[in-house]
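Sharing a structure, written as C-alpha cells. Questions coming.
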C-alpha cells in the first residue's frame, strides 16, 4: 500500500544518488515540486529518463543532479532550446552529461513494455533514421510470421518513477485525468514510485474507466499543491506559458540561472 | 485591390490550404499547428487534428504553446495515453497526414532536428526527434512547413533524424507498410514537391513577388524549378483575418499569465 | 466517417460469406442483435474470432454460419458447456468446425498488436502449456537484449469487427463504458467495423479520458436497442443470468435449439 | 457443540482461509470466486480481487456468474481494458496469487481445461485455457480449488492447458521471470501441497471426518500423505453464516431475472 509521506521524506527515502529516475508527465502534470526537492537534497549521478526533459530537467541538469539523460525531445516547447541541457552537452557545465536519445514512439513503447513486464518493445520505427547509428540500444528483429523488419528497444524499468497527479484518496489510490501521457506506465514500470498530488480527498470522484493507480501499485504519496507549476494540472490551474517564455532568458546564462535557483529552489522549502 | 501580407502569413495560409476536410492530421507544434488550425477555421472545418500528447480530434481556440496545453485536451473528442497514440492511432494507420516542421531539410526532404556538427561534439544541439521519425513513416503522407534559408535548406542534412527519401532518394523503396513520405514542402518563398522519379525537391510554385533568384539564394543546393512553374495564389482577406485573429488571441493568452 | 445504416443493411453490406469476423464484448456488450441478423441473412463459411465465444457464437455455429473458430475460452460462463460448439467440434453438426485456440493473454495481445498495426504480438506466455503443440501459429522468439524466450503470436486483423456500445452521437462517434474489454482494439484492428448502439444521442456525455471511437475510425453504425441481450449494457440493462442458465437446456438438443432459433431469430426481424 | 456443514462448504471455507489481507488475487470464476469473496467478507476485508474482465479491486455483493457481470465493474476501483489487464497487471507482476479451478489436475498440479481424449478427436471438449495459462506462470503463486474425484485427479492430464510443474515436475526450473506455481490445492476432502523436492502433490491435511481411504479412493494415482498429516480446522459459525448468506443472495439474484 502507498505510504503517505512529506515530499521531503519521500525524496529522501526513495531516491538515492546514482539511481535511474524517470519523472514523467507529458506536457501536463510535470512534477516540478519533486524536481526542486531533488535539487535541494543535492542528489547526484542520477540517470534521468523523460520523453520531454522540459524545464524540470533543465533545472536539475543545471543544478548538477544528472550524469546521464535518456530522452526523445529536449526543448522548451514552443520557445526554443533548453539552455542548461545544451550547456551540459556542449560544454560539460556543471558536469559532462551523457545522452541517449530515442524517438517518442520508441520511448512510449519502451515504457509500455516496462509496465507490461517485458524486456523489449517492438515497433515499426526508426526506418531510415540515423538515430540507430548513435544509440546502440536500438536493434532490429525479423517478424517470425511475415519476415518484416521491425525495431526493438529495451523496455524502461527505472529504479524510481516520479509523477504528479490531481488527487489521491485516503487509502492511497491515485487519479490522473486529462493528458495522462505515460504516467500509468512509468509508475508500473518502476521498482519504486513517488506520486505528488494536488490534494488528498475522501472520494476520488473517478469515472468508471478513469486512469486510477491503485494504492498497492504506488510506493509513496506526497501532497504538493500546485506541485506541477509552471506546468499545469487539469481542473486545478493552467499552464504558465509566460514563465516558459521567461525561462529562455533565465537559463541562457549560468549566473542568472544560479541566482534563480537560489531564490526559487534552495531558499524555498518543500511544499 | 491587393492585400498586404507578410511572407510568414503567406507561408501559413499556403500550408493551411494543403489540408482538406477529410484528412486526419497528426500536427507538429509551431508552424504546422498554426497552419492546421487556420485550415480548420477556414476552408476545412471538418479536418481532424491530432497532437502527440494524446488529444484526438481537438479544436483549440488559441494555438497551443506546447503540444500538451490544456486547451487541446479540453476541446478534444477524447484524450488517450501517449503509448496508445503512437501505437493505435499513428502506427495503426489512422493518420492520413503528418504535418511537420524542421530545423534542417535536404534535397531529399530528410529532416534534421538533432544537431548541427558532429554527434559526439555538436556545434549546436537541437531538441531531437520527438514524434517525427515515426510520423514520417507511419502517416500516409507528410507535409512539411519551414522558413526558407540557406542554413535550413542544405544539400545533405548533418543528421537524418527523420527520413524523407534517404541520402539517395530510395529509402522508401521496397519497405513494407511505409507511407508515401513528404509530398509537399511549404516555405515562406515557395512550394516544393519531390520529383516523381528522383525524389529530389523541386520548386513547383513561387509565392507572389518571389523570384527564382530569391529561392536560389536561400537554398543550399542547386535547386531545380518545375517546367510548369506556378504562382501561389495570394491569401484572401478572410484567410488573413482569421490568421491574424488567431495569432492575436494566442499572444494575448500566452502572455497573460504569470 | 461512420455511415448510419439499419442493422439489416450494415450486415448485408459489410459481411460477406467467407469473411473473417470478430464479434467482441468481453462478457459485456455482446453484440447479440448483430449475431442474429447474421444468422437471418444465412451468412456462411465465416471464420469467427472471439476470446469467449459465449452464447452468440454457439447460436451462430449451430445455425451453420461458421467454418472455423479462433477463441480462447469456449464455455457458457458459470453454467457449463456450449453445446452447439461441442456438437460441431465433436460430431460435425451442422458442419465440421475447425478450431484454433489460444489463451486469453495471447488473444488480448494479438488484438492489441492488430490495433497497433503490427504483424505480431510478443508476450511472456504459453510456458509449459501444450497449446503450442496444437496451434502452429504460436512461435517463440529470443529477446535480442536479454536472451529471454518469449511467445509470439500473429496479430489479429479481421475483415470485419462487430461490437455493441452504449451510444453514438449524430456524427458517429461511439462511447463504450464499463467493461470495455477489447472493443476498441478489435475495431481498430479490423478492415471494416459495424457498431450497434443502444441509442444515438446529441452529446455522448463522455468523461475526458473515456473510451471513445471517433467516427472516422468506424465503418457503420446501427441503432439496436437492447442489442446486447441476454448480455448487458452498463447503464441500460442487466445481464440476464437466468437466460444464460436456461440456454444450457435449449442448446443441449438439436431440435430444441432449432425450434428456439426459428421462434427467436428467424421469425423476428432486425430491431 | 459441532456445526453441520457440507463437504463443499468445507472446501470453500478452507480455500478462503488461504487468502490474506495483503494479497492481490487474480480470481477465476466458480469455486475460486466463491472462496475469494468469502475471504473478503470474513477475515481478509482488505484482499484485492481482480477479474480478467478488467475490473481492478472489485467488491461484488453477490457472486458473479460470469467474470464480467456488471456487479464487478460497478464495485471496482476502476475498470481497464482486457489487453491492459493481461499486460500491465498480470504480466507486469502485480498479482500475488492466481486462484484457479480446473477440470483435470495431475500429480504435478498441471491443469487440463481443454479436452478429454485426443485433441483432434476429443471425447469431451472442455472450454479451453482462458486466462489460466498465463495466470499460472505470471502470478507469484497459484492456489487451486477443485472437487476431489478420480475423474478429476488423474496421474497425467490428457492435455497440459496450464502448467503446474510439468510432466516431470521440473517445468519451472531455470525459467526466468516465472512464478512459484501452485503452492496449495484445496479440495472437498483435503489440502494438498507440492513436495518441495519432487513437486508431486502430497496430502498435508485431511478435512474433518475424511479418511485417508476416502482420498485414496478419489485420486487417480498412488497418492502420498505427509508425515505430519494435519486435520483441517472445521468452519466457524461465522464463516458458514457469511458463506450461506452469500450463496443465497447470489442464487436469488441470478434467477430473479428473465
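Structural remarks
All chains are identified by letter, namely A, B, C and D, in their written order; residue positions are counted from 1 within each chain.
The definition used in the following text is that a residue touches a chain if its C-beta (ideal position, glycine included) is under 8 Å from a C-beta of that chain, and two chains touch if they have at least 3 such contacts.
As the structure is a prediction and not an experimental result, all values here were calculated from the model.
Look at the CA centroids: the one farthest from the centroid of chain B belongs to D. Centroid to centroid, with C-alpha atoms defining each point, chain C and chain D lie 28 Å apart. Between the Cα centres of chain B and chain C there is a gap of 40 Å. Each of residues 112, 117-118, 123-124, 146, 148, 178, 180, 184-185, 208-211, 234 in chain A touches at least two other chains. Of all residues in chain B, those that touch two or more other chains are 73-74, 79-80, 87, 91, 138, 177.
An unclassified topology is adopted by the chain contact network, corresponding to no line, ring, star or complete arrangement.
By the definition given earlier, chain contacts exist for A-B, A-C, A-D, B-C, C-D. Contact residues of chain C toward chain D in the complex are 26-28, 51-52, 71-75, 77-79, 81-82, 85-86, 89-90, 101-106, 108-109, 111-112, 123-131, 134, 146, 148, 178-182, 184-185, 211, 232, 234, 238-245. On the chain D side of its complex with chain A, the touching residues are 24, 48, 56-57, 73-74, 77-80, 87-88, 91-94, 138, 177. Of all residues in chain D, only 29-30, 52-55, 64-70, 72-74, 79-83, 85-87, 90-91, 110, 114, 119, 122, 124-134, 137-138, 159-163, 166, 171-172, 175-178, 253-258 touch chain C in the complex they form. Here chain C touches chain B in the complex through residues 112, 115-118, 173, 184-185, 188, 206, 208-212, 214, 216-217, going by the rule given at the top.
Residues 117-120, 122-124, 137, 139, 141, 143-146, 148, 150, 152, 154, 177-178, 180, 207-211, 234 of chain C are the ones that touch chain A when the two sit in their complex.
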